[in-house]
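First up is the structure itself, then whatever we jot down about it.
Each chain carries a letter (A, B, C and D) given by its place in the written order, and its residues are counted from 1.
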Amino acid sequence: MTPDDPAAAPSLGVRIGALTLKNPLLAASGTCGYGLEIAHLVDLSTLGGIVTKGLYLAARDGCEVPRIAETPAGLLNAIGLQGIGIRAFVESVLPRLQAHNTAVIVNVCGETIEEYAEVARLASQAPGVHALEINISCPNVKTGGIAFGTDPVMTHDVVAAVRRASRLPVIPKLSPNVTDITVFARACEEAGADAVSCVNTFLGLAIDVESRKPKLAFGTGGLSGPAIRPLAVRMTWQAARAVKIPIIGIGGIAAANDALEFLIAGATAVQVGTLNFSRPNIYAEIEAGLRDYLTRHDLKNIQALSGTLQYPR
Amino acid sequence: MTPDDPAAAPSLGVRIGALTLKNPLLAASGTCGYGLEIAHLVDLSTLGGIVTKGLYLAARDGCEVPRIAETPAGLLNAIGLQGIGIRAFVESVLPRLQAHNTAVIVNVCGETIEEYAEVARLASQAPGVHALEINISCPNVKTGGIAFGTDPVMTHDVVAAVRRASRLPVIPKLSPNVTDITVFARACEEAGADAVSCVNTFLGLAIDVESRKPKLAFGTGGLSGPAIRPLAVRMTWQAARAVKIPIIGIGGIAAANDALEFLIAGATAVQVGTLNFSRPNIYAEIEAGLRDYLTRHDLKNIQALSGTLQYPR
Amino acid sequence: MTVASGGPPLDRLCALVKRESLGGAYALLTFEHEEVSRALAGQFAMIQPEISGDLLLRRPFSIMDVDSATGRFTIFLKAVGAGSKAVFDLRAGERARVLGPLGHGFSLPAASERVVMVGGGYGVAPFALFSRVLKPSPPFHLFYGGRSAAELPLVRELERRGIPLTLSTDDGTRGEKGRVTGPLVPALSVGEGTVRLYACGPEAMMHAVAGIAAEREIPCEVSLDPWMGCGIGTCLGCVVKIQEPGEGRPRNRPACTEGPVFDSRRVIWPQGGPA
Amino acid sequence: MTVASGGPPLDRLCALVKRESLGGAYALLTFEHEEVSRALAGQFAMIQPEISGDLLLRRPFSIMDVDSATGRFTIFLKAVGAGSKAVFDLRAGERARVLGPLGHGFSLPAASERVVMVGGGYGVAPFALFSRVLKPSPPFHLFYGGRSAAELPLVRELERRGIPLTLSTDDGTRGEKGRVTGPLVPALSVGEGTVRLYACGPEAMMHAVAGIAAEREIPCEVSLDPWMGCGIGTCLGCVVKIQEPGEGRPRNRPACTEGPVFDSRRVIWPQGGPA
């Protein structure tokens, strides 16, 4: 069958700048470890790629427990970016990851612009890293994180610095905790980003009423899961209309239809986060659903779906 | 029993500026009609009060249907402030409401600052209106609404105008679709507000993937319900630390413990919204839960609970 | 069973006392609820299982039958999405939140009027109850249509009740082939006295029936089927466009409190057209 | 029943084949899951009903028994909150998502070591399975404590299996009155050979047992009970502070993959104190 054969199986491949993914399904940062943790449960080669847990220069211990609490259709977390540091990742994880034949996207963190750039530089030099996601939106650290992602000037500066430090595709991850996400998407585009990830978690607070303390040791946390999906789809739609670079939609995806909402809203690819915890093999189901949808709707490839929302007026 | 009798039943009464409520439970705007609609199912005199559906000067038809869609633990709506207008409310609803012995708070809307002021003036002249809630946060209208509530200067100006037009307690209702809610809470305080309601709905989008159209005829909508509770509790906590005026907590309350979260976070009273639709008699259950909590925790009155969150560090 | 008159609605946590599968996505469910057991034909109840997971809202279901003596009522349910599936999945003994009876039912015909009912899909449900209050003379008749024989699961129950029936299916697997309006039109001109039409089913079917009624100037009531969030007039999710005689233009009216049954001449259909 | 060796975990949608109520909030639930039916004592599974409403995460439960011949395993469950209640409410025939076997179980004692197990609350569960692989000589013994007689629902089952038991309750309604460590301490000095301790239960109890072990230089393993989100090392919600021998300071380690069973000397307890 040739690619133009009308009976050919629809193509799920997508392009994010210079990065080609075999399908638009990525495992989100902080929900799949460094990939290896889930490799015995998910065939990583069936994924478009994985995004690593956030990496700083050095290893970090993260927050005290409790670090997670369930809320209605949501998960509140304050892990605090516990991690092994970029060097340990490059040395001891990356070589083993390569056998799995999936795109590896490093989630780059820093307390300063210089640290972001240095982590990006180290990640870019290592063989087998395919792209960098810049985490300017973690709500659970006291320095950096969300502070960068809720100020358009700082967003611009971090992205520009990483852009200079790396030739890999640079994908800033937007914070949803802002009045107008398009301002931040544009700042990223202007700073040379190849795409944006949309979105990180929403700042939330859950209280144990008996002790009158927050349920998380850190206090506030980041809300994820199906609860936030309508908000994340809205932001994806807004961002996609504001910039020309591709959008990776994230937030509460739990089924093929959820992924389709993001794609139709304007995303080119999507990430599955919280659902990895309870449904580690969810990708097969989503992929089958996407294929079925393309076939039923007579679409040759999934990129044709991106941004096809018929918005009223 | 005297009020100081340790064995006395705990008091649920709260004060919001000059407004005294027999308990901190209010029915939220847009979820209890004008009060009369639910009076055959809920004894309104057992509520602290009701907040009317948003009222403009004139009657309005609102958006086309579909106007509501369910999302995980949430409800997305774009009603578009269908309503009878302030004059019809004052003339034909208010007289019948008075028999119900509950505080009546009018949700004031406008397309211009002048319209807000005029609605406020008409509402204040009518007997039996106890306070004004200023809706500067409706996401489902094309003029006014959220545009006022996401700009601190406009927020200030609307509140100041209503303040001048009325002697009743003035309670602006904050939009959660902002980077920093404390900026808006402070703008309200400076403009002379007696309290703030925290919060209105979150801008969201749900897509019907088969038709590739938004599930709501209007396009985007406002997300409410338990899904948003951790976000609303966080904002209530932030706002309560930023201003001295009382906060009315709103967002996803479905049980006594949920109401307690808002109170402990710093709210003086709370509103129940979406849950009115599926559990019209929820107030009795929440009130019993609050009483039980106060008794178990040896608290004489519910006001003592407000803002008692032990936040780490 | 006894039929009594409707009263104010009440919200009750009540047990499912009987569940009868009708095959496929169809079932008859009987609950214990005193107030709803006095519902009038065309009224409905908002229902949600006691444990409803992440679905917040109840769903509306027409009252198919009542027994005020035992305080029970029955609905005829088709599981279509998550909300109706949750009710469908209830087992006998489990509990549901039931608020009802709600809305305005069908108005009774005049003594001289011949009643013609048109039901499509689950929309046939209220006519089971309505038939119980109709007198055999003048005669009444029910046209019941569906996509195929499998989509007419209530036939046996309606026959058991002795309701005069004409069946039709789009694919001809049962009764006349084609739309329910096919056999309906000729039947309107046969028989004595004036006719009164009642329709409940898919919107397109009701629109067609309303058109037929308008053309022939037959009084007609339709039971509209918008998506409902509350059932009590507070969410304003269920509005339909209604042109009241004295008013300058059509207005959005909540179908839950002002309907679901409306005089078909007042309804402004999204499809436009006569009515 | 046969016990086999643990293997890699698998996620399966599997049926609840048997449910036995033990009164109150306690039940024994048996599922069909081949991989978990080869679990080792101390391993656990993450379980969630197929229809789980608005609860996103699974909950961890220790494997209480296995039968690799029939591919079944059993858990001993106490319903405490929404997640465990949802599993508790499963009926035979209904399905659950089960991921397992997970984590590292108890290490086997040396041939000469006398095994002393200390179980509190649902923490007694893994010792039912562990007892099956222990040889009767040198003897092993299980100390099982709870708040009251009603909180020792597994006694009959453990007796049926012929496990040597010493019971204690805080209120004295069954066995010795007081903490489980009461009868434990004197027992450590009676009998032949060296002792090896295993504890699973409330944190305070394990902390106390770890203290007793440290004082007497008895090797001791504890099965920690943090809140778990995933069971596979990805959420980092379940970390415990562990001081590894070669490392400068304690580190946060996921209990799901590096435990739940740890050498008690490595654990840095939130309460501080000896261990």
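In this section, a contact is a pair of C-beta atoms (placed from the backbone, for glycine too) under 8 Å apart; a residue touches a chain by one contact, two chains touch by 3 or more.
Please read these numbers as outputs of a predicted model, since none were measured by experiment.
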Chain pair with the greatest number of C-beta contact pairs: A-B
Maximum centroid distance from subunit C, chain identifier (CA atoms): D
Length of the line joining the C-alpha centres of subunit B and subunit D, rounded to whole Å: 48
Distance between chain centroids, defined by C-alpha means - subunit A, subunit D (Å): 36
Interface hub residues of subunit C, defined as touching at least two other chains: 52, 54
Multi-chain contact sites of subunit A, meaning residues that touch two or more partners: 72-74, 225-226
Pairwise touch network: line, ring, star, complete, or other: complete
Subunit B residues within the subunit D interface of the complex: 72-73, 226
Subunit A-facing residues of subunit B, complex: 71-74, 76, 150, 177-180, 202-207, 209, 211-214, 217-221, 223, 225-231, 233-234, 237, 252, 254, 257, 260-261, 264-265, 293, 308-313
Complex contact set, residues of subunit C against subunit B: 8-11, 46, 48, 52, 54-58, 83, 97, 99, 226-227, 229-230, 232-240, 251-252, 257
Footprint of subunit B on subunit D - complex, ascending: 54
In the complex with subunit C, residue positions of subunit B that touch it: 30-33, 37-38, 40-41, 53, 61-62, 65-68, 70, 72-75, 77, 79, 82, 225-226, 274-281
